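One chain, chain A, links the two complexes that follow: it is found with chain B in the first and with chain C in the second.
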Partner chain A sequence: MRRWFPPVLVAALALLSVYPLVATGYGIRVMLQLFMWIALAQSWNLISGLTGYVSFGHVAFFGMGAYTAAILITRTGWPWPAACLAGGITAMAFALLVGWPCLRLKGPYFAIAMLGMNEVLRVAASYFEGLTGGGSGLSLPTMHTSVPIYYGMGLVAVLVTALTYLIITSRFGLRLMTIREDEVAAEAMGIDTLRYKLYAFGLSAVAPGIVGGLAARDQGYIEPISVFPLTTTITMIVMALFGGKGTIWGPVLGATLLFGVQEVVWAKFIYLHQLLFGAIIVAVVLLMPRGILGVLQQRYGLPRTI
Partner chain B sequence: MVPILEVSGVVKRFGGIAAVNGVSLRLEPGRIYGLIGPNGSGKTTLFNCITGVEACDEGAVCFRGHRIDGLRPHRIFHLGVGRTFQTIRVFPELTALENLLVVTSGAFAPASERARELLRFVKLERLAGEFAGNLSYGQQKLVEFARVLMTDPELILLDEPAAGVNRTLLGELLDAVRNLRDRGKTVLLVEHDMKVVMGLCETVFVLDNGEKLAEGPPGLIQSDERVIEAYFGR
Partner chain C sequence: MTVTPTMLGQVIISGLLAGSLYALVALGLGLIFGVMRVLNVAHGPLLMLGAYTTFWLFRWFGLNPYLSLVLSMPLLFAVGAVLERALVRRVVDAPELSSLLLTFGVAIALVNLAQLAFTSDLRSVEYLTGSFLLGPFAFSKSRVIACAFAVGITAGAFAFLQRTRLGKAIRAVSQSRDVAQVCGIDVERIHLIAFGIASALAAAGGSLVAVMVAIQPDMGGIYTFKSFLVIVLGGVGNYPGALLGGLLLGLVEQLSSLFLTTQVNEAVAYVLLILALLIRPSGLLGGRAT
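Let's look at the complex of A and B:
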């Protein structure tokens, strides 16, 4: 694995970076959405896969980034890359603010608090019409091509995966995992658990904020229900769980498989697709709670750096 | 001399029950103390109050003359109070080596060297890469013991260190505790194995029903009528 993996990875990244030269507009759009899902699932993995604190409102950071970027672009004329970065920073700042009280809640209470946070943001986006356009949404200037967004999304997916690699192979990552393993023991062994949870939560909000901005730029129109949907949170959770939470490549694998199947097969059966998605959630939780890589890891004694 | 640990009148209630009811202890540095008492007498709760895992309802805990009650556990740990748990609390999905490494900060190489050295000492060096959760009960107990030694704390609280550890290794473990004492560290241990307590401790505190029943050298404690009564009934 160690010998063949790096060259394969480099080759795959090289192919993806020249793909827009030969791709159709549809192909570009499919791939940029895949990159978006990888970035989202991987970000959720940073807080929930490593510390065990299940964020059930992670789409809130996506929506926050989308609105921040859209407002900066339409009202102040910022160039979109800067506006999307600002979306990531705003999402992180907001995560630190909300995390300070909420990360003291344990287990399901934290999950529910995050769910509530997302609903509050969605309602706030509808309410402050002067800034957000309220229920009628915000329209952005049209783009001629999605290629820059393709590279933007791809870059975020690569960077958040690289960040995951750095964290999981460091003592910082080990400390995050002790919170998942036994928070009381972690505290008693000198680990400032609240501070580490805040770091992880802040980091996990950056990429959703950026891709939220990129998605807004790409779609050209946002409204509260389109950028704060609960289904987006659930999808990123299922992707990370399916691939293997707490690993480096699990969320990438889960996002690729589920998004791929969705695009190829399920798009033809709209309602069946949701049914199948629900069935996969149940199957994963019952049969492989550790996901694909988690099962392989256990069976073959692989390190968690897969 | 300033005591290394002074517990004064600590009370901890759960609902209407006082698990610890006005206990005071004074620990001088460089000695080994025992804490004994029947099940449910409040030994582990007292440990939790000292290490900040539980908040005291009344009373004070001073470490080297400074109040530590009310501080969060990680702060107390960094002041120099380490502990092990009665119910094992290793990090199961971290390897034995990672369990030790994770409590250190600063340069990685010396920390890693020290972790390997401690694993060698508890005869687990061959299992360094194994997930701690896959080890036996006794082995996990040893990982916890090694983990608390990683940062060289001044005061070490051991909750039943001998339980489940095989007899040949136990001797070495007890030697290690004596060695800590000889290096000026202070040890307070909860233990049910009376041979261990009597052979190791210089002073023994006896708890019963959340209150301190007796205190003294092990020989005297063993023949104290109140202690015998608490353990065996009248």
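Let's look at the complex of A and C:
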């Protein structure tokens, strides 16, 4: 990595950590949403970018975390940070449970099975009314300020990016990328592919679970359609692809650029939102399969995984 | 709740009626998957375009919705052919991830375009209402006629695949692209035609359901999903298997509707898919290994 990069990174984090002192309520909400998208895109990248197993249902873990946290807060009076952590742990446990059978499926089969899992969860959330409030949702006690959520989201975004760095630069990451490039060869080399895919899948569910809980806490109200929407999965996929899948900084870059553009420009063209997302996916797949970061890496001769 | 034999007979027949439509639509998705190894996530949105074609022809010209098949199928054949030439062709040899994401992007864009062009209002073609009564059973007229058309079109597609030179070429490419190419088959042309036919089959499904359900831009997603389930049940590349899978899905959905609320019944197809993938990933009749 270039010599200027670590100081710039530290400075940026320092600025972001004092930002709430000077920011307006609106500014804080915008930034915490950005952190949320970074955490989500980065998590999707962990399983899909590294192993090539596309998850079309990653929002399921977000919803799972949101419901776990909301239920713990409203029904048992847990403090919200503990409830959000519990959301992350529940999401991971669920990912391991679902991944154990489903990660044996290849390519499109896995993608569609994940889509199905999300639908089943959404229906389950409406069905078990006693626990989840069903279609009428759950209301959480109101918060006076979003600042704690800002720090919570920011911390998750930093940690999941750090985790991605650790994984990509480790033998574990190498194994995952070997699975992506050629799973049969990986198995022939003695890699227990199912085990490593399962680890990656479990890890990729933690952050969505936690930010799901944080988002529920912040919004104060959840219902099945608000926490299991396909559009959230679409958005995280688009962000990770646009920035560069399978890299450390690609999802961060993609989330920042697209979220920024969305806030500034697309707010005026809300009806074109999905069309532009669709067009971005098509363009990235056809023209720059390694995303913006891939283009930069090629131009400036940077290592391929950063 | 007690289930009487009459009710059981009614749901079995309703299941078969619904299943014939699933089979028709799934045959298209299975054709693309078999021939090109591409899972076309935009299959459902193409069906949606077929449904809108029928709706507008009915609205503007009062055209009989069943006659509109003659227009919607060639129209969507052309749309499919353009999609294949412009986009999908470029990712046929790429990793599966690429084609999956590409058609996913196309699907999102098509739905949004439909929202812009047609708004998200629920539309319906009020053409054929009421039921045929036969002894203790009642069948919605539109479903019976849709089933008849679905059976006819599916049979036509099969006859085409089995009997004609072009159909044989399509099956050859589906079995082994390389061998087909060595035998002098223009594989790129076959891809184009297969994609076009598949889109036309989706359009036929769309035109037929237009009379039965509310038409709206995101009506298609569920059909992509159910078609995928059908080809998993039937076995990839096993075209007769798709028929069996379609009928089975229709039956299971109708039977479970006896015991479950409408809301929960939506999840039945998904549970069935996950079970099918885990227990018998090569399909009921056996198909190509996955």
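Operating definition for what follows: the second predicted complex is superposed on the first by the 300 of 306 C-alpha atoms of A that agree within 3 Å, B and C clash if a C-alpha of one lies under 4 Å from a C-alpha of the other, contacts with A are read in each partner's own complex, and residues count from 1 in each chain.
Everything below uses one rule, namely that a contact is a pair of C-beta atoms (placed from the backbone, for glycine too) under 8 Å apart; a residue touches a chain by one contact, two chains touch by 3 or more.
Remember, predicted model here, so these are calculated numbers, not experimental data.
Undergrad: Just chain B (first), just chain C (second), both, or neither: which does A:Gly107 touch?
TA: Once the two structures are laid over each other on A, A:Gly107 reaches chain C alone.
Undergrad: In the overlay, answer first, second, both or neither for which of chain B and chain C A:Gly27 touches.
TA: The answer is neither, since A:Gly27 touches no partner chain.
Undergrad: Could you tell me if A:Gly220 is touching chain B, chain C, both of them or neither one (first, second, both, neither)?
TA: neither
Undergrad: Go through the superposed model and pick first if A:Gly260 touches only chain B, second if only chain C, both, or neither.
TA: neither
Undergrad: On the A-aligned overlay, A:Pro141 touches which partner chain: chain B = first, chain C = second, or both, or neither?
TA: So A:Pro141 meets neither chain B nor chain C here.
Undergrad: Decide which partner touches more residues of chain A, taking chain B and chain C as the two options.
TA: C
Undergrad: Who does A:Met189 touch here: chain B (first), chain C (second), both, or neither?
TA: Only chain B is touched by A:Met189; chain C is not.
Undergrad: Residue by residue on chain A, keep only those touching chain B in one complex and chain C in the other, then list them.
TA: none
Undergrad: For chain B, which residues count as touching chain A in their complex?
TA: Within the complex, chain B contacts chain A at residues 51-53, 72-74, 77-78, 82-83, 85, 89-94, 98, 101-105, 108, 147-148, 151.
Undergrad: Give the list of chain A residues in touch with chain B in this complex.
TA: For this pair, the touching residues of chain A are 171, 174-175, 177-178, 180-182, 184-193, 304.
Undergrad: How about chain A: which of its residues touch chain C in the complex?
TA: 48, 52, 54, 56, 101-102, 104-109, 111-113, 115-117, 119-120, 123-124, 126-127, 230, 234, 237, 241, 271-275, 277-282, 285-286, 289
Undergrad: Taking the touch rule as given, give the residues of chain C at its contact with chain A in the complex, in rising order.
TA: Touching chain A from chain C are residues 33, 39, 87, 90-91, 94-98, 100-102, 104-113, 115-116, 221, 225, 228, 232, 263-264, 266-267, 269-271, 273-274, 277-278, 281, 290.
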